[in-house]
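Each of the two complexes below includes chain A, the first together with chain B, the second together with chain C.
What follows is the complex of A and B.
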């Protein structure tokens, strides 16, 4: 044991300005600065990565919000389109004739085939729909704007480099020359690509859109909300206000916290084995998707609701009980109205998570190729994230920018939902 | 049909509410006010809930089971010439054909037996639907009658209504348990089917994974090998890379945000990190394929290293980005939970902030941080979309991050996309993998939750 007096004397002997003490101090301060620097570096890395992620999506995706169109004159010949049955017309030939008129000086089959290839494959269908909806067009000549097919769209957007050697391009010199004559005559125009939002999926990138996926996601989310919101709140109220504290409720507690962290693909397996195999619900349907998403969102809503109920000051509960309200009345008349802003905020964030969920929907088959939006919750459908997955897997060059654009649309919805949640929180939340 | 029925149930409940309330109001007006036990609104609510709730439950249960029952009946009614000796996958082919014909999606002239069965299927479905409507309506009428008979001045309508609420709440809480139960039962059931075909020893210790066997006789495919060890090691490799990326970045940024940053910096940086957490995983997957994989390959070729296009490095690295906010927010909570007195005590002894952090705060917060890391590991193991898009498909027993490896989740997705028959080891093996995944993540989650909980109690 050292005596206290010696320690004080030893302490007194330390010369704080000596070289060693100074260099020691310097080292310690340097260590402090280093830790700060590491912290800043870590945050910068995270922010930088987010920046790279968003930049790469925007830089490839913005192209898909514009679609190159070509203007051409079509003549609906009554010989090719029967007046009494416009659906039966030979629109393929009409489009070919229109293209031929664009290039009066070409002949030869291969040249013409190249020229027809400039116009999208869907032009005949678009023309057909237009004539069916307005049969008075039969016998008339009018000009329409149709999308150009994907390679020419890429060419016009300079994704395909015209200066590359011919064998490394997707279009040969002849095809580019044909397209350039159209450009010179001012028939090519880039327009806002509303088809991206209002068309359903297609094998041709220039026609593919997100309408089916948006409708499918909407149905699935609606069902998810209708199920998980009331059930989650009811379960949370029971667990928070009524359940006795014993081993069973502890088990439920652990169970719910665990469910919130179970990998989403497990819910997909559950949906496949139970809803589709056992109950025979239709594959690919938003009904099953919504049920699976509801089971996934349920723990989130339960946890959020319990926290919001806990945040209501006990004085309110006690005051209500004191003037003779029953326990149910305390909850229905006082606690729940006060907790609802927090519950809503959490629910919207949970819904946003559900909107981005992909893996379980893949397993229940919501990655089908469908060219029309679903008519109801029992019909096959895709969802926004699964559509992104399908497009990301497609080999056509045009789908790369469309995938990015679809991701930007999805992120737009997510930002909107989160903005609503933040707005609700700031507007409705009460500070006690 | 179901939509109209739900609407009818809602309207019926509203009518019941009105009937109950007006009856109770009449008592209240006619007699001594104090003699009425419950307020009129409770009589209404009592009638509405007991009319609507049973009907709603009936419709739900009916819808869940109707198709299965009709399907079984139709299959039984098929002539024995078709069903004799048919395997379950053939039967399910018949069923889907019958369904298609019944729904009018006819591609070729169906066989007469199938056409007849489709007719039966359609008519029985219609019959079942109408039966559901009739039963539901009868039930609601009966419930309304019983409720109306019960309503009297002394009737305890509020208690009865609250009892119904209790039932709703308890069954909702039970549903949360039912989900776990359903996961365990369905995975275990299918996994047992799998282990009947493939011995567990091969699955857990075999080194060769080639599940793409022929399901139909005319398919060209591998012979089938179900040794899952390379799949497990691939999962661990990618998860480890993800954690190596995420732990330092997440932990250091949490330390900076809690201990050094001022309020304004925190207010800006925390939401940015939360954006990283809110980005859907399919977006990260596409990012990995679009940007990260080419960049990594180019960097590799710069140094003359050949990097596989779907290397574990890319998948793990991008997964790491996804996990950063997860670790950072849990470490943030853990550091904040350390009592201020410990911080002040250390600083008062002359320690620099960095010394306080490394010698006092981090050791004190370690259980919480460890819990967060365990949860992040569970996340990384169960993450699906990033690896489905960026990692490989072939099982490869290697620890080299530059090669392609496959994971449990990738295998589950590739094995189950497109195939519906549940009678061959290929599809069933996905459920065995799923069971392993569930058990492992369950252990990690429960351990993490226990650690975090105990830690929280320590400082409260």
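What follows is the complex of A and C.
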């Protein structure tokens, strides 16, 4: 056994009170403080930018979460709506009559046109749907609340300035006067805008909603998950547990890592060229969107699964092998259960990325104008980010706030998914 | 020199006519680096064989050849012949899963599964189909825990996590887990190196009891431990099996200078 050398110890002892020691200590403290300052500064900048983003979104978007409505009495005249076929009724005329009744004093054609313009163009469709679902309304007079059309909505929300000279605003003095009489009679009311979530897209901002986009994104993500989750896990298990270490597997590994860094628009081009042009799958369909997103998410899932498998302590693997567990038993009984929290978290974060992905979906045509949600994965659809893209491109004033509101809805879904990831991680992680 | 406490009955032990396991001309390579050189060692039945030697000399490597755990290391290559009951275990016809059930192992660091005590012990019998009914399985678990000297301590909390036990209890749990698949040989790689002296004493006692039913090969860096628990000792140095024989002889009258230096504490 080697004896520790004690003879030179005293000579090598450091004088902690010497000038050099003191200046070294001071430098060390200063460096620590500097590093901490850089960190705090960096975080402050990040928080500030995030704050600016959210403030600007909320300050323009909050207007879209309410919608101005007008209350009016409609009379469903059996002359205009056949009892045996309510779908064939002349609802346009019924709405016009109802508006006329709101303004008993006006008679001129242009004045009446102005008055009808206050009510949304979709009013007749809403009324028609209501009567079809409840035919007993025929012959009755009842009051309904319908959205006002976009310029009046903006007027009521003070986005249109009533004091501007007439030629510089969307509504002329006459139109504003008509609207103000309704306000004075208490018929105008701003209500929560559920249509934003439950309506499909529309040319008219007051009717436009995200239902189609939400359903489209849901189908695409579902497909993306169904494909990329099992394929990704299987590929990762093979690469991590079975593949021999040679040049080929190295090549595959490098390529998978590169795939994760490929710009998403490339995947869109691939989807267009292969899925649509070669396989003849329908354009704009969530099917193609889901396939493209799956290709994009696959590398992410493979990488997180491999890392989670690598993170399982080797002693567990040895313990299982040591009592004669076969490879598949080691993997299925021991490695995967320990790796699954990491895999799930990574997968959800990958899915959240896929949810926000825009460019590839634009390329495969998921930015079509569609007034009803898709009925299945083969039908044309939009997605949340492409819907935002469409709205951002629309000239109507009402779409400005709706674009911000849609972004907030998308952010809401992203936060929800990340919260699920955090919950799953803390829930599934073995504490023992 | 230390007073080695020696088991009187083993003083004259010679390898049995047919050893339980035998390695002949075993060479092991990690990549291009050779870790074992022409090792010839017989492991007699119902005895404890201790492998001693300075760290890095290849004790673990040899031990891991005996249940083919080296198969799991990509770069490891084993040459030579290793037999269990006269049958080569590297024969392509041998199923490595069955071999590892016959030759169980306990590791340096206790490594219970992150499951309950019961599940830890029941896992082996379940995957090897040792128990058909639930009652059989429970019986096996209780018996194994008893044989590992752990049952009395954990009978109230069989369904609590095995990782919640103390280090020594965890190691005995790992031994119970190995016993539960009814192995013939149990390999132990420095099973006490992570334990305190009291837990170590318990494991040593246990090893002595287990000898009745199993053949044991133990790697240890503690010469006192080798002297206390083993009947035969093999001394490795730089990948070479320098000397092997009855423990008493290795410690009192070694033939080789290197063995003498090692057991008298001159290096290591």
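Keep this in mind: the second predicted complex is superposed on the first by the 383 of 432 C-alpha atoms of A that agree within 3 Å, B and C clash if a C-alpha of one lies under 4 Å from a C-alpha of the other, contacts with A are read in each partner's own complex, and residues count from 1 in each chain.
Basically, contacts are C-beta pairs under 8 Å (C-beta built on N, C-alpha and C of every residue); 3 or more make two chains touch, one makes a residue touch a chain.
Owing to the predicted nature of the structure, the values given are computational and were not obtained by experimental measurement.
A:135 in the overlay: touching chain B, chain C, both, or neither? Say first, second, both or neither.
So A:135 meets neither chain B nor chain C here.
Where does A:326 make contact in the superposed view: on chain B (first), on chain C (second), on both, or on neither?
The answer is both, since A:326 touches chain B and chain C.
A:334 contacts which: chain B (first), chain C (second), both, neither?
A:334 sits against chain C, while chain B stays out of touch.
Looking at A:56 after the superposition, I want to know if it touches chain B, chain C, both of them or none. Which is it: first, second, both, neither?
Once the two structures are laid over each other on A, A:56 reaches chain B alone.
So which positions on chain A get touched by both chain B and chain C?
Dual-contact residues (chain A): 326.
Which part of chain A faces chain B closely enough to touch in the complex?
For this pair, the touching residues of chain A are 28-29, 31-32, 34-36, 38-43, 45-47, 49-50, 52-53, 56-57, 60, 230-232, 234-235, 237-239, 242-243, 252, 254-259, 261-267, 269-270, 272-274, 276-281, 283, 295, 298-299, 302, 326, 328, 352-353, 355-359, 362-363, 367, 385, 388-389, 392, 400, 403-404, 407, 410-411, 414, 418.
Would you tell me which residues of chain A are touching chain C in their complex?
Interface residues on chain A, with respect to chain C: 1, 244-245, 313, 315-326, 329, 333-334, 338, 430, 432.
Going by the contact rule set out above, which residues of chain B touch chain A in the complex?
Going through chain B, the ones touching chain A are 64-65, 67-68, 71, 158, 162, 165-166, 168-170, 172-173, 175-177, 179-180, 182-183, 186-187, 189-190, 248-253, 255-257, 260-261, 269, 272-273, 275-276, 278-287, 289-291, 321, 324-325, 328, 352-355, 357-358, 375, 378-379, 381-385, 388-389, 409, 412-413, 416-417, 420, 422, 430-431, 434, 437-438, 441-442, 445-446, 449.
Can you tell me which positions in chain C touch chain A when the two form their complex?
Touch residues, chain C against chain A: 67, 69, 72, 74, 97-101, 104-107, 109, 111-114, 123-124, 127-128, 161, 163-164, 174, 177-178, 180-181, 265-268.
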